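Quick heads-up: structures coming right below.
Below are two complexes that have subunit A in common, paired first with subunit B and then with subunit C.
On to the complex of A and B.
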């Protein structure tokens, strides 16, 4: 196996220290759990990268509740999220996604910040965070800003983060009368990225869809919110037929490609099925039944 | 740099390009930690880091400074590990043995925290460990058998 090459490792203990390093060192790249990054350094790099290890920075780790929001630090691991009651109760789609992501070993190291900053169209925490209207806090040495998660993704493996910026935390509004769910399809649990994944968020008023948000991953260059369909079905009475229509409408909106994990046609069909499964489960979690 | 390896403090030269896997095998001679894929997929290199299963091929050696690393060698006298080992042998859960150290550590971590797991929980716990020989059924049986042997406490 090829040895790792092409980097130095710096391990700051404070956020300020990390941001200073990001601003002053040449060619930096943050590393959190390293589960996406370390395998990449088996390919020979031309220029040496300074890897800034975020794992010693306490300020970036953990889950708190503040002002009716759940705030998750960027280096919080999937295992930490999985064992958090606030997330299980209010952000069930995220809980679902962390329970199927990778393997125990990957969940023990991999972080939520790494999952979204890696910007894979297949990132499993992205659809849940998108349907919960998550915002992300981004900072460099001098400026700190919040943006909707949707605006973070620019393309496959591309984000709007500047070379000196870090993602510090993720904020998810708590909406007590709602429910959400996540479903995915991977060739084999534990070892592949999702072929398609989907999350749904709903609020139910009797049988009516009071609010609905849908997201599908791995069917476009970035994880997608399917807003056109959301708007179309707002206020509609839920039924088996409506569920089928939503599934169909979503698969008409996606732009999948062929790759080694699946063909475009298969992905389109699966986005129909997975969004229906996710929505059905979310609806069930609100206490509703689809007839 | 110093870390705790199988209950003893050890010091090592921190080379970032050396993974924990290579450090354990090459510098400390712990060849029970296997190198399969070297990219997080197979679980042959599983060790416990502060008690939790991780892929040692995805950890840079300086990152274990001050931490506790456990391989099966450090658990050879551990009552739970002894039961698991016996159960693996008696249930035919070992063929070539390449996956076994990693399987044992993942199963150990499960049973340590959950003495009475369901079959589904066993499957989840060893999802990150690939076995090319046994077809998993006997491994799952062995873990469930070990759970029975250790009893509720």
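On to the complex of A and C.
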């Protein structure tokens, strides 16, 4: 068994303490559930890393409602999200994704902040958060800023976070007349990484698409918002044909690659199918029927 | 390195003229008409410890001061070794030794069927991961540094990564005697005539890929010196006596200088039959060289990348049938990919050759097989041993013939299946214990097959039903001698110690032995403890493979129990003052059948045995009936008995995503006699998952000899969500005359018919045939797209 060596684990109890450590120690790496980091370190030898464990910091954990927004602390686990009524009611795509992400064990340990900061193109919580216009709060010792989640991702496993910065929380606006849904496709029916995943957010006015946001994961270097298609179909009357057109238009927007989980061609085809299924489900959740 | 199959024949005859046919133990010997434990579902004696985490596996035995043995491996797929430079690595603090081929005191050879596989390579490497040196270190960090410091000077050779390249006349030679390691042949009847009498002929080519076992417990061995001239190794294997033989040869020692203790093993599926001797030899070499306890434990990635997988194989089939639906002839070409070493290939290839007609009677048969080296990871034992791939091909051929003849695939099978009096592929007449017809009829009824002959389209899903049949010769083939042994000791307190070399791998075979023993002795089942196999005290029962653990090992157990029973009855008759015939034993008491008031507990009988100076032990030995084999035609009595199985599968295909769901399975198997139905059910359920994995998702991805997905993350095995509803398994009991209570093996037969059942159901649902596996959602999606065009 390959040993995990060269680590220094620091466990601050306060956010201020964590930010100070991030600013002063060399080669820091925040860690929460460790479900992505530990397997990575087993595969790739990383030397002399200062692991800053965020899991003892109370203010980073939990889900609250404030100013018509749901705020989720970065160390909140998928299981916590799954059992939260606010999320189930207002951010159903996120609830969907947390119900199928990894396994029970992974959901018990893994955190939403970790899932985002790991910046996997296939991260299951990313498309739901993207379609809900989530913003993330980033901080170092001196500055604190909010940015749209979309701007966090720079590429596969890459974010805009500076070496001394932490992602503290995620803010999701509540929009009570809307609905959302998440669909994914893996190489088996559970406990696996997504080949493609997709989320749709929709507001319905009678049969018209009053608002629509679409996101697809694992089809580009980062999870994608498909704004071009959103704009194109705004105000259009929903129908089976329109749903098909949206699916087709989305698959024209993705830029997938071949890898061991699937080919680009399959991913492109599945973008079409999954976004349609997600949108169909979201539409159904608004009380609409697509004929 | 052409193999002469006659070399497998040992020059002695068996004495199998037993007056007792073992399947009649109950009526003839026990003189009763009911079973106490056989056929009942009992709680396995190892269950509680395993559930509580108290059972000990290899790594649980390691001492703190144990050295770490790490294998230094080739990064080249095919190269000459010009120089091995270890001095820099030797200077790293914490490194105790670096062992290379020249340090091996005995024979540097670990090949199973052919001597083509050095334990450590010093002249040439044959695949990425070929072992070159052993790093013996005090800790992991030092071992890792040493691994980075060993320098090998290679002269690279052109590599060959597929069988067609290896068969090209210009191909580089992987081993000196050519790239064909072994060939096989069967000639029966007249195939020209057979095909001339055919109204329908189906020709197709099939490819069955690698499969990794994914045993939960990774390979491991722990060796420690026992004084200066003996080594004990605690390890996982499927044959402790084979491990002893191999380790002794490598150490240059006698068999009695090596003691192998078989720890409980967390999954094997054939893998550990191959890896057991290798890891034990690594650990033992370090322990002998340094005189210190040494452990070699693989992690998942090392195990995945370097150890044997299911042999890939290509089948070219031509099958004919007449207009009445009778099979007329088959012609088959089999090309097996060995990978870097032959390992089990001669036996694997022969099993495929010998079963080539499937469980059907075909008068005219021609089969030609060859096993070919490549520079990929080598193949090895795996549940089904060639028959999984073979039936994937043959059962699709049968299905295609049926559809071509517009016959119901089940009726077509019923018309052609082997029956009592039929002749197998190898012309072996089956005179009893042929239950395939009953298997088929029983699942036809259970599944209401006749009502399911039209596939159902519902929105974007298609539902279909398919059937697969299988037969699997138990234990070893041809004229290879086959025997097993067991020993049984009655302690002075009336408890028993049972010893068998048949290993507990999770499957529960040794517990089946204990049930046989308890039944014959009339002993309380809890009073019999199974000793873990230890070559210093356990008799050689031959390997736990070929579905022989219970069929062979359990019959040796019966032999021992019968001997001990005779002594117990004799003493009891005297103590009860009645005739031998009137003595019955139950729950560890002996009593007079006509006077139930007087009972003598086994502890008193045990004491009496000792006082009278009678041997309280028994050594059981059982040999398979003699078989024969004609080298020219391949015909003969190949296997002493066959297990038969059939399965019906219901599948649903999502036409948008290509996802395939197996919704329900109806399994049936002719098991001879079910010693423990719930263990058989366990085998069927496990086999089902392994079969679904092989059919739908498991995919060893190789690129230039490199395995790209060597972990649970990317080598996808089925999860609980992928597991279908399973109908109650139907167990047919066509007893085998020469085994205890008539038992036949179930471990391998349970998986073989599942794969074709699913594949044929997919065809029924979609009209699409797949000639390679796995049928992933992506492949299905692509195939559906092409159909739409």
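Convention: the second predicted complex is superposed on the first by the 283 of 291 C-alpha atoms of A that agree within 3 Å, B and C clash if a C-alpha of one lies under 4 Å from a C-alpha of the other, contacts with A are read in each partner's own complex, and residues count from 1 in each chain.
In this section, a residue touches a chain if its C-beta (ideal position, glycine included) is under 8 Å from a C-beta of that chain, and two chains touch if they have at least 3 such contacts.
Keep in mind the model is a prediction, meaning the values are calculated, not measured.
Of the two partner chains placed around the shared chain by superposition, subunit B is the only one that A:109 touches, whereas subunit C remains out of contact. Applying the stated contact rule after C-alpha superposition, one finds that A:5 touches each of subunit B and subunit C.
In the superposition on chain A, contact is made by A:262 with subunit C only, not with subunit B. Of the two partner chains, subunit C is the only one touched by A:270; subunit B is not.
In the superposed pair of complexes, A:193 makes contact with subunit C only, with no contact to subunit B. Judged by the touch definition given at the top, the superposed model places A:39 against both subunit B and subunit C.
Of the two partner chains placed around the shared chain by superposition, neither subunit B nor subunit C is touched by A:134. In the superposed model, A:185 makes contact with subunit C only, not with subunit B. Of the two partners subunit B and subunit C, more subunit A residues are in touch with B. After overlaying the two complexes on the shared chain, residue contacts for A:229 are found with neither subunit B nor subunit C. Comparing the two interfaces of subunit A, the one with subunit B and the one with subunit C have residues 1, 3, 5, 39, 189-191 in common.
Touching subunit A in their complex are the following residues of subunit B: 16-19, 35, 38-41, 43, 46, 49, 52-55, 57-60, 62-63, 106, 109, 124-125, 127-130. Within the complex formed with subunit A, the residues of subunit C that make contact are 139-141, 144, 297, 299, 656-657, 659, 661, 697, 701, 708-709, 713-714, 716-722, 776-778, 781-782, 785. Of all residues in subunit A, only 1-3, 5, 39, 185, 187-193, 195, 260-263, 265-266, 269-270, 273 touch subunit C in the complex they form.
By the touch rule above, subunit A contacts subunit B in their complex via residues 1, 3-5, 7-9, 11, 33-35, 38-39, 41-42, 51, 53, 55, 79, 102-106, 108-109, 189-191.
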